[in-house]
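I've put the structures underneath this note.
Below are two complexes that have chain A in common, paired first with chain B and then with chain C.
And then the complex of A and B:
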């Protein structure tokens, strides 16, 4: 008989606490920080995350997400003077590791936290890198200025000598073309349409046409993000037209940057300042029965996942649970397939689209959505160009020292795009769109634009 | 409203993918949802049917011959030999670059630990490594890849009595790769034949690698590498190395994360895409509506519940490791539909004292009727339109029998096909 079967003590493994009062011990004292221990403990080191990292595949200096996440977290707990490894700045924050982990380890939360700490405590606030990153991360501020004088801004931002100076002094690559600023922002257009009041009227007319009850409770709050406002207002307009077509009243509340570029650059204080405004205006609307709709998958990702993971703001969980990507929401609530089955596309969108799924669409389960939805649409073909990362990852590919890596990561996507018959690309993400255009010269459209062409007369 | 389809498959492993393929190929509108990425990238890429009997006899020469005498609760007994053959034919048809379909006999494939695994199908990249081949072998390990100790694996194979001479050497991979470089880093470099720095000079990696191996080669006709030889162009990488070495080149299947598993995952998703199947990954199915018949299931996304509805459902969420079967101190359960999982009341009866003992937990899982529909404790069907496939099924110990892939493929096929028939 083994020892296990004849215990030498009174200890009874089947009922270890019999006859004793159970006294819970507080092993980890109260802390206001988010507790990442359960997440770190869930990691069993299968390294699936590492095989998903687009940076580790090309960059021999980058140790990969398993180190950046759970391993570094443990080092931080045990070594008093442990400094966050500077490689955390090479993570592009694509968040593919989240979608990879079979054990639910919150990898991107760990990366965001470590990067925030690194920038806060270890990075010189006077360094060119810090200043450059801060300017890139606060794209909204630059875009806001530029939108006041869009034509001048477009000329200056792509003026060769100016770009040469930006590269030499700031480390912003001169290889890329700055996106053009629209001469009328989405919000200016929205005001011209009569804003919320106008939308309510149009929604009611459409409900009548559709045979829906005129006072149906169909209302959404649009989070357009910076890019649809300043650069591609046609995406925002398509969102409004498609939603009103299905009888939704749209409101466009006060909002700031979603924070995506700030997370990626470890600027958590900036991100929080913007998140507070966004959560506050969305939380009020959610309480009134609105759902929050974003057309950019990184914006929806920020509201859904990064905010509740990083910020303790009133209403943050409710906003996360009521935020949806624009096409996703309609797929859930409307017979989108039926609507698409009935029509066909002709004109300038009757194309074969080379569709690239943004990394940030993955965690939201949206990376196949456009292909799935438009598969039934006559007159177009939407070809998935594969599951590689575009390589730009927001501000990452704009940094002079990252530019080559960014293009190397994107190479696979460029090749697959070239293989398709058409010369038009499609994606939900504005910076993926920049990279797609930069690498192939294709024109890039948003799924909402195609949906508008398909269902709105 | 909900996101709708005729058939909804829950789970993105071998069982779920085969199920969705079988359903989509007969024309049913099929959707597959999976919590995270497929667990196939943790799999060796070998596809076994049956290597050993539950009593431990084997390795079996002909797995099909042993199936009729398996215990009645074994999933193979539910689907039957004919269905297993049909399922394997489907696999052979849709997955390119696999071998073994020409015979019923098990192939013997050396593993990275130096054991021999009886398997029904194997990647083309492993075919030059078969243990039944008489040609001598050089196994090449990499200093940085401690998962594969080539001299150790070679010694194991020798001790197992393989009919050839086998030697293992360890080399440094050319170039300044980091010590913990990912398998995808090696694969990408080899795929693109990228330059690596060797003694201050840039050289194409395939050439530089072959040169290091050539220095160790002593007339062996076969050279085995850990499975890192490319991802997109693995045949091209092998051919180039083979030319440069004057020897056949093969990959030794590795543990997680495994490129052969990843390639298999890609091949199956491509096949599903071609068959018109739709799929979504990233978030878990957590709940369902319906008594006796599933009306819809809910996918959870950061607090939002996204309804998905179908006429027929397939549960292919995996076993204890894949979290399709879970347990706490009180009971063992199936988390989505709470299907009945038979187990002893006393949890000290769930396992044996010895690590490799005949544990009850290895056979935990749902039991089904002959149509693969989960049944309750009283033997009655739990949901009219729900079928189960793969390692969420109980009644067999796939790790001991080497039957995991075969059960997943055959029950996935049977469940998917039946679901499609019922839906139409």
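And then the complex of A and C:
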């Protein structure tokens, strides 16, 4: 069944992880209100979340995560007419508050759920804001169309008058350039490489070369996400080459958007539809012994944390437990440091990289991995540009009314980038990359690309 | 009669204030005397259940009928103090089926709407009920805020000319020729609303009639005139949860027992209770085992309570009265009904009646009955209107407003404020000045605090019970000083300081029995915050006023001269 044929599902979040072992009763199958009030029990009001929120820092009208999460949920009541405050739409879903809270309050789950309720019950489905957000959140759909005619799309999407119209009618800022669409998507390339069959062969060759057992149980399922499929296939290619180099068979299962932009826009019905496809194809593979690997830190975050917090799809917990970010996984299972010690980089990538750790990488404990990994790699330098937020947070910085705030949040990162010697940036997150490029004009690479250059001849 | 008779009502709980409103609406001249705040006694330490009567439907059907009658009346006249949550009597497999049927029949016999609901229907209403329950009976129980109810009655009584004196203790009754003719009162501060530090004093108040509505203290007032009032005070513990695990009142359906009810109350749930006779209504042990036992027992109905955060526990004493010839051993056997004791008939002492026993739910009915009795003494034929005239705040109102457009408030804060203020919302919340949130846990803004200060003077505990400020999960850790700050301008530093101390002390008191888990973290954070930013671990002001002028006021002198004093970080101010 294609996306378009699916009946729209109602938003039916799973009972959240509120500390209690919940025994669900399905006597209320179509309830849209679900209760996170007990999550407020862990909050002792210290305000650490507020001081870590990048939006609260630049936007005086934004009440901050403490209000938006535990306070609002505690004040709310499970009655139909209890409204969610509209400020929840100003949160960028960077999830820094989640990471900052010393007390384990499920902040982003609270924000996502409240935002879902707000969009479902309080936002006009005919408003420009709703339509604009829905288009931004469903980036995959636009990208799918554009990828059919990439050159035309690239020209039209960044055509001045068209952008002016988009800003005026839709509120999509004309300050930013749309990312270019690749003339060949990652999946098209993958098919040309012989897909899974080709990968198995190459993996075997590499195992022989490495002296691994030829039938070693090394297999991963790649979650490429929308961006490396349509816009930066070189990241996906690097993933495949690096993994095959270490003897892994790669499969690229059927997949949709991870849902990250949809969570941030409260489009939980859309997100669930996509999540069902992703979880179902990953769950099958996990059962067969595959691990799920994402090269985008927001995608891995969605599979690991947001899915189990928000949806009760079959297999969601197993998939979450078997999902890893691409460099993280290799650092766990392979001697990456050893491999890197032996080589050196010259040419194109012999650079000082200005590395920015995406907020969602931070939440997974990955914010230092690129700096630690490449620290000993000869020929390059990786300079951490600090722990501020890039400010774009996916779709946030694309909204005309948020653009200035987005740039204000990014200011600190831009300054630190300018201070590095090179003119190349590095990050795992595609939208952070857009922001880095937009603010400094640097070219931005993914750690996998450098890893490929280092270890794959 | 030339002028209206003057009636002194002793006791500012629900009973006394209900009498004061009723009598003043009938045109009598009323003075109400309360030794503490309004609700200082049992009324401020009760469970908050607006009884449907279901709890008494088997054991005490007369009380059950009164409850359902008054339950309907209060929904009308006190809409902003009541939340109609509905209630369930839940039967577990080990509870008696026979009793379940008796309960159902009892409810129906008393005209209490009652339906049997299956286990899955009950769990659909309340998903956190235990999985293995059998079934339940639904009844129209509700939640009532005793503070708001009493404050609204007081406002109404004042509007009708009553004089309400808080922090005024009746020390003695004036008895002349076998007749009570007045009371001797010790005011803690001057008459009228309370202001700390104001000179108090003794006052003799002459009255044509005295009503003793002092609940558990009724015997002491009786003693002052040499009459016996045999109140048997019985204590009960209640524990407040941080959030609402249930939105319906949950009762255990079994004959009697401790720890059998959970009442959703505003942002919280209140668990209750126990029943144990005590000697002295003001001095009885508060024991941790009572709390532990209650949590454990109620976990059988709502398992998640075991893990959930408690924010405080408190005890109240029931003013149970038993006519002299009954002699029950167990306090749970004593009737919950109320009794009107006319001391002229009973003891040959003219001029005074005591009212004892009863429930908050039936406070208005008690007020009506005793007001009829008082009027009878003076041959006055005035009709009772308290069942028809809504309380201030409960006139027609809707909680569905555009909080941001109308009041500039975020929706959950606006919603809570409007629920608390009822029809007074516009009058209170539409202010010109900035209106920041003072208590973030309960969503209380400056405008509401100022309104309460206007009603009750510098007494911050009185502000607290009117607004719920400082009653949320941080228990005042983050807002007591802000509340004190709101006294500024009108009240001087010493007054503010005294009021602030008193509020903090009250807040800590109730947390002693909740110091584990999350609330312990909260208490430690509060302590650290208060110690490091307010010197609460070691008060340096020592009663003397602080020399605030010595602090840097942060404003650069206009003439460019170097700034004096100390920089806000404590170091010396340097630079230009």
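Basically, the second predicted complex is superposed on the first by the 416 of 457 C-alpha atoms of A that agree within 3 Å, B and C clash if a C-alpha of one lies under 4 Å from a C-alpha of the other, contacts with A are read in each partner's own complex, and residues count from 1 in each chain.
We take it that a residue touches a chain if its C-beta (ideal position, glycine included) is under 8 Å from a C-beta of that chain, and two chains touch if they have at least 3 such contacts.
In this text, all values refer to a predicted model and were calculated from it rather than measured experimentally.
When both complexes are overlaid on chain A, the residue A:332 reaches chain B alone and has no touch with chain C. In the superposition on chain A, A:109 contacts neither chain B nor chain C.
By the document's definition of touching, both partners, chain B and chain C, reach A:63. Using the contact criterion defined above for the overlaid structures, shared-chain residue A:46 touches chain B and also reaches chain C.
Looking at the shared chain after the overlay, A:185 reaches neither chain B nor chain C. Contacts of A:281 after superposition on the shared chain: neither chain B nor chain C is touched. Put chain B and chain C next to each other and count what each touches on chain A; the higher total goes to B. Of the two partner chains, neither chain B nor chain C is touched by A:440.
When the two structures are aligned on the shared chain, A:321 is found in touch with chain B, with no touch to chain C. Of the two partner chains placed around the shared chain by superposition, neither chain B nor chain C is touched by A:295.
Once the two complexes are overlaid on chain A, the chain A residues touched by chain B in the first and by chain C in the second are 46, 63, 67. Looking at the complex, you find that chain C touches chain A at residues 120-121, 123-124, 127-128, 131, 242-245, 247, 267, 303-304, 307-309, 399-400, 404, 410-413, 415-416, 440-443, 472-474, 477-478, 518, 521-522, 525. Those residues of chain A whose C-beta lies close enough to touch chain C in the complex are 15, 19-20, 23-25, 27-28, 35, 37-38, 40-46, 63, 66-67, 71-72, 74-79, 81-87, 103.
Every residue of chain B that touches chain A in the complex is listed here, in rising order: 1-4, 33, 36-37, 39, 41-42, 176-178, 180-185, 188, 256-257, 262, 273, 276, 278-283, 299, 301-304, 306-307, 322, 346, 348, 353. Of all residues in chain A, only 2, 4-5, 13-14, 46-48, 50-53, 56-58, 60-61, 63-64, 67, 99-102, 304-305, 308, 317-318, 320-324, 328, 331-335, 337, 362-369, 372, 375, 384 touch chain B in the complex they form.
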